[in-house]
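Worksheet: the structure to be examined is printed underneath.
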Amino acid sequence: MTKASGVVALLTDYGLQDAYAGTMKGAILSVNPSARIVDLTHDIPPQDVREGSRVLAAALPYFPAGTVFVAVVDPGVGTDRAIVGVDIGRHVFLAPDNGFLGFLQDDVRRIIRIAESRYFLKPLSRTFHGRDIFAPVAGHLSRGADLGRFGPSVKTMKSLSHAKPRVLRNVVEGEVVSIDRFGNLITNIPGTLVPGKVRITVGRRTLTGLSRSYAEAPEGRLLALVGSTGHLEISVNRGSAHKTAGVRRGDRVLVTRSRR
Amino acid sequence: MTKASGVVALLTDYGLQDAYAGTMKGAILSVNPSARIVDLTHDIPPQDVREGSRVLAAALPYFPAGTVFVAVVDPGVGTDRAIVGVDIGRHVFLAPDNGFLGFLQDDVRRIIRIAESRYFLKPLSRTFHGRDIFAPVAGHLSRGADLGRFGPSVKTMKSLSHAKPRVLRNVVEGEVVSIDRFGNLITNIPGTLVPGKVRITVGRRTLTGLSRSYAEAPEGRLLALVGSTGHLEISVNRGSAHKTAGVRRGDRVLVTRSRR
Amino acid sequence: MTKASGVVALLTDYGLQDAYAGTMKGAILSVNPSARIVDLTHDIPPQDVREGSRVLAAALPYFPAGTVFVAVVDPGVGTDRAIVGVDIGRHVFLAPDNGFLGFLQDDVRRIIRIAESRYFLKPLSRTFHGRDIFAPVAGHLSRGADLGRFGPSVKTMKSLSHAKPRVLRNVVEGEVVSIDRFGNLITNIPGTLVPGKVRITVGRRTLTGLSRSYAEAPEGRLLALVGSTGHLEISVNRGSAHKTAGVRRGDRVLVTRSRR
């Protein structure tokens, strides 16, 4: 990796209600007292590797070169699943080998199976590798340790099948992949596939055209726009599209090129 | 502003459930790796400029000189609303020009309309200026950049009408402006307007006298005291005044000078 | 204490919905701009000194030497309760004298009653000592100030009675002390008291044997394992034991040595 910046960004499903995330931070600082720890989020829905992966991919471009990303969404903890360290040059990542980092694809320069147990905390728990493995290794990486110190090189890692929109003649079919705190429906349809003259159907609701901002629609009315991750989003000006449209994650979204 | 301390304090309505706040932090660190980022809160109710403003005003005195405050409660994002940088000498603030910073009033030395787009991230989103405009500009300010680099001076900015208590002969009439996590009812009545011998009415409940601490009232009983922001608060010792009194934000509070 | 590391770890019941925790951080940074502030958690249930104490005890070993721990779970704020500073050599702690730090027991080298008011913020609130007393004192301690500067030595502090498991011939009787975000039931039964061949009863449910990881049981099935704090936990692979078993905090847990 590029020279370590000292920044360690954390993404987990631990939540903030318990002290799991806080304890990981103590364990990182125990190795690198100068680490600059940033919470990306700890509210990934429990065990939702796909959502965690989507969130990390969207946030990635905004972090300084030399950031260590620690992604712990780990339903397989305590089984024989591996932990991988992945170097893309600009950044290094630690995650369970469960497909989480598959989205990095062609940017990957090196994959290490994290196996050098002398860097792990003792006693090593079976349920909290975030504290006992990920944290100390991240601490070392953030001080500039080379990833290769932590285990053998491996050729591949698991990947996930992310639902991709289907593109037909006049129609793009995708789905709602996430609903944010505001009730905005975030789809997997890239903005580049959505023309200006368009009809969008989600649930029982249909809307026409793309807006440029939330405030372009009257309060309470559904609107569609290209959101901050570059994907189509359905929102309600000063309201919640999730509540207004009664739509849930996984629901289908149709984008039809409109003649009117 | 006084010499930048490196501290950047964030206040938004983004919540912590999504990675919006975390991504802003990455964007700040990308400009200033030494920035010391503090979350004031990300749980301002969506679009509630008035509440965000009240929270910031209360927290302000407790931050070191040279702090950069970033306040993103921004229902107008993507419209032609301006973003202002406001210098009060001791601190500098970034917020949408929607009245948020109006409470600074006479302390304001300089207002800049943030317009120098070469400091903004590209591509510039229409919905996430927290990441694309506020964060990089805050990063620069926290390294000591002069506010004037980011746009032209302007003479005024919008202000909000904060509900002020009405003072009549024997009576002060105010309202519940906020309800905190504990269910404490925070009013807009300054403690200086509340004499010791007093009758306080809120909702259907009446209580007499001011307490000096939560524990002065029996458990479960409503009590009134001057809270940590210097305003009258209604609480319940080891309980929730909100639940006990069935009172909501905006409900009227009457303080009557008592003869008994 | 060992040389201060600059790390200040916070544990409160303030929640993150309000700006109380954020304001404490500003107050700490006002005294020590280089303090490295870590949130252990702010979601201790309101006034739950026992749970806060349990969480702190579990997290403690994972923080670097020279950490200042600030624990504000303080139902007695504003009464004549004392605030204690406790030095165990490796770390120093600040907490209300309400039993919170009693678990430190024999590790305690020195107890100071925090009383030097020239270090407190003015005006001193009656309800927010986290900001006005704990924060500035923690700021000074994190810069290396000796604990003795902040008040007189005292011989003792209050302690709590933590529910301890009862050990009978073939049976260990304990209880559920906490339920985490995942619905895992955390008990007060040390893993050392749980043999491999064992029958565990909680609520109306009985399960046999200890698992080594969450994934050893079929999805949806209750399992028992020794968790990350070294105590018996009841979990559900990819689910919530709390929901599945209908068990609540305080419910009894029986561990019976099994012959089958």
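Each chain gets a letter, A, B and C, in the order it is written, and its residues are counted from 1.
In this text, a residue touches a chain if its C-beta (ideal position, glycine included) is under 8 Å from a C-beta of that chain, and two chains touch if they have at least 3 such contacts.
It should be emphasised that the depicted structure is a prediction, and the values quoted were computed from it without experimental measurement.
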{"item": "Inter-copy rotation, subunit B to subunit C, in degrees (Cα atoms; steps of 5)", "value": "120"}
{"item": "Shared interface numbering between subunit B and subunit A [over half = same, under half = different]", "value": "different"}
{"item": "Euclidean distance of C-alpha centroids - subunit A vs subunit B, Å", "value": "30"}
{"item": "Multi-partner residues of subunit C (at least 2 other chains)", "value": "16"}
{"item": "In the complex with subunit B, residue positions of subunit C that touch it", "value": "14-20, 22-23, 25-27, 29-30, 33, 37, 46-47, 75-79, 121, 123, 125-128, 131-132"}
{"item": "Subunit C contact footprint on subunit B (complex, rising order)", "value": "5-7, 9, 11, 16, 36, 38-43, 55, 58-59, 62-64, 67, 180-182, 212-216, 225-228, 230, 233, 238"}
